[in-house]
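Multiple structures are listed underneath, in structure tokens.
Same chain, two partners: chain A is paired with chain B first, then with chain C.
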Partner chain A sequence: YSIIYFVSGENCESPQFTVNSYSTKDARLTAESAAQLEISVKCKNGKQPGTLYADINGHVIPCAQSVSSPGKYYVSVATSTHKHLAKGSTIVKLYDDEAYSTLRKARTDDAIKAVKPFGQVELSHPGASYGPWLPSEFFAVIVFGLIWWTAYRERSKILA
Partner chain B sequence: MIEQNIEIPVDLPMKFIFDILTPQPHFINKQAQMTTQRSASQDEDLLLQDFSRNVTTKSWILFSGNAAVVSAIPLWLFWRIHQMDFSSYFIHFIIGTIVSTYFLNLAYQNMKFILKHKIAQKREEAVNREISKIFANDKNANKKDKDDRVLTRKNEVADFEATTFSIFYNNSFYLVCLIVLSFFVLKNFSPTVNYLFSVGLSTLVVFLFSTGQK
Partner chain C sequence: MFIKTQLILLALISVVLSQTDDEESFLFVTKQTVNRFIVQDKDLTVKYGLYNSGPTTIFNVNLNDVLSYPFEKYDILVGTLTPKWERINAGSNLTHVVVLKPKQSGISNSSRATVTYQKSEKNTEVQKTYSSEIGDVYIMTAREYDRRFSSHIIDWVLFTAMASPCIVFPFFLWFKSKSKYESLLSKDKQTKKAQ
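This part shows the complex of A and B:
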């Protein structure tokens, strides 16, 4: 007799991704830029992919998973300078186990590009700012100084 | 002599406070009063008032109120920016505010006295024109009444203008000194030192400069 396995609904189909991200905002007080993504995956059949791998900034790294809330995957990246974390939207490709093993087996660049990812999300980085060019007390001094100087001129005119 | 408009422009809120504290008698009544009750002591009083260094009660209240408000403004700055919370620093704040209120008050009075005479000289012509215009229709007026009226009006105008200008100038000077000292000179000192020295030094500077003639 033959045993036929029906493997149905084992894999995640038509996944929906929601992304919550945080990235470094202050460039003056920090030396490196970092970003963290929290990816929530919702599948049509209710299953979750086992392990997710993210291709972020050229590195393919496994995502951490939350024990208390299944379906949330975390990946983070840190760059050595602020310029290396690109401002705006960066595409992050996600691979599940199958896709990842296919990726590992691929040897040429074309083959790597041909691997179909599990999905992709966007990392939007608003940019790390260096803050205002001039401190606010500078403007306060200028404004009050002008007012005082007007008053001083008036006083000189009166006392002349 | 500088050309002046006949209507002396006054600041509306300040005038409101001034008028509340000193109800102005109607002109006709005052004129009648002056022609029927003239005496030497009134002349002396008018002259003394002009040259006296003492401020009247209403001026003193005005000055104290302003000094208190201006001394209280930096508290907000120190609380929010230098992170000095009220519960741990309230003694410093109270001492600083009281000292600066007192000396600012003195500075206002000094400057007002210095400015009043100069302003009176400058406004004399305008006041003369104003009074002449009023007296032009009245045939019964004699020169002495007109001169008295001119003197009173000049005194009143110079008093008001000197008061408001003294407050304006001293406030702006105090705040500039405070900002420069607190945020540039004493920036890296501890908050206590920062507060006490910036308030103390700016109060001292304002007070010293208020006695200057130039």
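This part shows the complex of A and C:
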């Protein structure tokens, strides 16, 4: 019993993730879309996983860690147009060193799918908006136009 | 004469070829902003692209861009200005996104980011490279941006409030005289019917 614990003491047990997600939402301010996930990992035995790799949209990339604030992992995505960043939730699978080396050794698609990820987080992107559908000037024109039209109608009644 | 130029050419080519060491990798770092406009107190998204050209993996990559964005002028909203990666595989592309908020307006210059890395796991000799730079940018004030892009609903409500005396007052006069006229007309009709 104690031997098993000694062997698995290095790894992170049942990790819990706190995720801070950001994506560019204003399409008038930005020309391209970019998104970032800031992941903090909390392990049951207090250890931190070494390097984490993220599988995002089929690409497996290493997560950046911060020199100034350790314990935070960053996954970034940048696309060339606003349409390329998928709206809604994208699932990002995380792999630690062990899982990543297993993934690299896997040759067939089935074997790749069989690798158990370290964890899973979500990137939610509400979409990039170009502003309100109808500008407020449109409504102003309609309202004042109506007022003018009623007045004109009454005026022609009086003059006639 | 011809042979001389041939020899010189051959010498040049061999020197050039011996300089390029295809055993080692080189890291290219680009720094760009995805913003169309940079506005004070609004998000400024900076994107760093790291590309490992070359056949080997590089290790212990550290990017430092703290000097470009000092604390007094920019707030960091998302991401870090000092990311590090344990390894970047050969031929792979990485992106790192940082979102800042400029506190001041005017012309601002951000310098290049410094990136250090090791070409091999055992050799701790550190290679330093610089990213591309964005150069001088104009940070517009929030007012300038709003003038072009905000929804202006509040402006229109205020305009209606200011224009309404001009409209409501004559309307009220007309309505008063109209109702008086109509009541007179109906009284006339009644007396005519009575007669």
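Definition applied: the second predicted complex is superposed on the first by the 144 of 160 C-alpha atoms of A that agree within 3 Å, B and C clash if a C-alpha of one lies under 4 Å from a C-alpha of the other, contacts with A are read in each partner's own complex, and residues count from 1 in each chain.
Convention: contacts are C-beta pairs under 8 Å (C-beta built on N, C-alpha and C of every residue); 3 or more make two chains touch, one makes a residue touch a chain.
Only a predicted model underlies this, so the values are computations on that prediction, with no experimental measurement involved.
Shared-chain residue A:G145: touches chain B; no touch with chain C. Looking at the shared chain after the overlay, A:A34 reaches chain C, while chain B stays out of its contact range.
In the superposed pair of complexes, A:E137 makes contact with chain B and with chain C alike.
When the two complexes are superposed, the chain touching more residues of chain A, out of chain B and chain C, is C.
With both structures placed on the common chain, the touch criterion links A:Q120 to neither chain B nor chain C.
In the superposition on chain A, A:E154 makes contact with both chain B and chain C. Within the superposed three-chain model, A:T18 lies out of touch with both chain B and chain C [touch as defined at top]. In the superposed model, A:A64 lies in contact with chain C only, and not with chain B. Residue overlap on chain A between its contacts with chain B in one complex and with chain C in the other: 137, 140, 147, 151, 154. Residues 20, 22, 24, 26, 28-36, 38, 50-51, 61-69, 72, 74, 76-78, 131-132, 135-137, 139-140, 143, 147, 151, 154 of chain A touch chain C in their complex.
On the chain B side of its complex with chain A, the touching residues are 114-115, 118-119, 122, 165, 168-169, 172-173, 175-176, 179-180, 183-184, 213-214. Per the touch definition, chain A reaches chain B in the complex via residues 137, 140-141, 144-145, 147-148, 151-152, 154-156, 158-159.
By the touch criterion stated above, chain C contacts chain A in their complex at residues 34-37, 39, 42-43, 45, 47, 49, 62, 64, 77-88, 92, 94-97, 99, 149, 151-153, 155-156, 159-160, 167, 171, 174.
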